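In the two assemblies presented below, chain A is common to both, partnered first by chain B and then by chain C.
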Partner chain A sequence: MIRRRRDRAGRGFTLIELLISIGIINIILVMGGLCFAEIVRMRGARDRYYERLAAAQHVLHLVERDVKGAGEIADGDESRLILRRETSEVVYLAKDGEVRRIEKAADKTRDEIVAAVPRLRVRFDLEGQSPPDARTVATTIEWEENPQIGISRPTLSLRVALRERGQPQ
Partner chain B sequence: MKSYRTRSGCCSQIAARWHSRRDTGLAFVITLGLFFAMTILIAAVLQGNVSQRRALKDRHDRIQVRYMAESVLHEAVHTLSAERKPGKCERVFGRGDAAATWTVESNDEAVIEVSAVSRTGVPGAAREAMRVRVRLDPQTGSASIVARE
Partner chain C sequence: MVIRTRRQNAFALLDVLAALAVLSGGVFMAMTFFRTEVRELRDTQERLAALLLAQSEVERLYAGTYEAIRVGTNQPLDLSLPAARSVRGALGYLTVVETEPGLKRATIRIAWRSRLDRLRRVELSCTVSREGLGG
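Coming up: the complex of A and B.
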């Protein structure tokens, strides 16, 4: 009786026990891996969101500054805005996630890409009358976002009016 | 039947104990503990992700509402500089409403009250309210913001 117990005690794991243990360890490893991947994915999605948000805010800031400083909205449509100042002209061109700002003065032209973000849509709406009598520009920026961060289509919109004559900038 | 028990060396003794059927219960408890620990870890990560997502959404709503408020404020200043009398303007944006009401307090001073709310009617929606003091210049006919409260 004692010998049989000793034999059983020294027998070790059976194949089934080993397979179950390996299975459980595998489940734990897979769950841990998924968990880690989720953290990495979320961090990536969040970083991309902040990049797009920063680009959108930068464009809105520039448009606001230029519209406030302009004397006239010379022309514009959904993807184009032309502002006239006393000595220069500022043109915004928005296409395929790229926003260009071209400043034309008498002696020089400055052309810069102020935002280049895939799937960023920038729209200009001239409110009220058509140019050159339009006084207000609504700039709307929206982009596709990873649903993982909880905002499927973030939108930022800002309306800015030309300053009245005599109004300080 | 081959036995794993041996009297030589500590490691061999541990190996022998590990392979002992008598300790299967302990191994089971350890595995179960690991499993629960991993489950708790995953739950914490998922919970963290959910709260991070909510925080991002709230932050974006606040930024959006801020732009709405700035839009109506700008419109109010613009209207005030053109016509110096009390008034209000309301704007409906894609994801919220904003309104500004202004009163002319004296010949050269006006106050604008702005409020904006995102996703109107939803509890916990982002809100923005501000009171802005505007100086009116009777000579140039301009209006400029001098203080935000």
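Coming up: the complex of A and C.
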């Protein structure tokens, strides 16, 4: 026969001990939950940042390709860029986070939205002759970002130059 | 026979310290995760902006004439694009070497200071020929 001798403390938890334990577990759970929520928020913010970054890079890439393939930078201002090719014309229109690319040829017109990201600002700067005989387009894309990811206003710029007498290279 | 005394039911100092160490470890790991994540995103952004600045300079070289590309080491570049402002203390240098007659190799270096005051750098090289550019 096994005899167990227990004193008062060995019989079980008292109400106060239980309450303290539950309190501590609650604190740990709340801290863990907050940490988890923060991780999820951070991941979400990071994913949205990468989406905007991809959209910005896509626009820069398209403008670069079109400028290099154009015969002439015909006209433009901050929100508009017109490139002339031999048989067609490419127009970029940037407004309210939306960038449209319109390609007008003799027989057809292709109008597409190449980026639609809220708060994305696209600006075209047609610059003078540097280098001589060349016209340059500087495309700048900036947007407001969630400060949580440590970058408040990402800005990307790409300048593409086009020789007035022909295509580069 | 099991005999429990009142003393055995309490936490020892070592138990409390171990629990605190585990909790602190968890909090520290979570904080490290956030800091690393934020730092990597910032680095990616700055690196990309710097790379585009370097690419812009390459485009400028391609649009000029062969003669206009001066041979020399560490020629300062005028980084006037708006993105240069988002890369802290960005400085650009161009090094041009004539590898053989009618062929030049240009290297563009963009250097900047990261938020942790570390020196960062990207480098882009291109080769230009007299036939390709003219001049």
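In the analysis below, the second predicted complex is superposed on the first by the 146 of 169 C-alpha atoms of A that agree within 3 Å, B and C clash if a C-alpha of one lies under 4 Å from a C-alpha of the other, contacts with A are read in each partner's own complex, and residues count from 1 in each chain.
Please note the rule applied: a contact is a pair of C-beta atoms (placed from the backbone, for glycine too) under 8 Å apart; a residue touches a chain by one contact, two chains touch by 3 or more.
Note that this is a predicted model, so its numbers are computed, not measured.
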Per the contact definition in the header, classify A:134: touching chain B only (first), chain C only (second), both, or neither. second
Which of chain B and chain C A:83 touches, first, second, both or neither: neither
Quick check for you: in the superposed arrangement, does A:21 touch first (chain B), second (chain C), both or neither? first
Touched partner set for A:160, first chain B, second chain C, both or neither: both
Return first, second, both or neither, reflecting whether A:55 touches chain B, chain C, both chains, or no partner chain. neither
Let me check the overlay on chain A: which residues of chain A are in contact with chain B and also with chain C? 7-10, 28, 31-32, 35, 38-39, 42, 46, 49, 53, 57, 60, 136, 138, 140, 149-151, 154-161, 163, 168
Which part of chain B faces chain A closely enough to touch in the complex? 1, 3-5, 16, 19-22, 24, 27, 31, 34-35, 38-39, 41-42, 45-46, 49, 52-54, 56-57, 60, 63-64, 67-68, 70-72, 74-75, 78, 81-82, 91, 93-95, 137, 140-144
Chain A contacts chain B in the complex at 7-13, 17, 21, 24-25, 27-28, 31-32, 34-35, 38-39, 42, 46, 49, 53, 57, 60, 135-136, 138, 140, 148-151, 154-161, 163-164, 166-168
In the complex of these two chains, what residues of chain C are touching chain A? 1-6, 9, 23, 26-27, 30, 33-34, 37-39, 41-42, 45, 48-49, 52-53, 55-56, 59-60, 62-65, 68, 81-86, 115, 132-133
Residue numbers on chain A that touch chain C, as the complex places them: 2-10, 28, 31-32, 35, 38-39, 42, 46, 49, 53, 57, 60, 64, 123, 130-134, 136, 138, 140, 142, 149-151, 153-163, 168-169
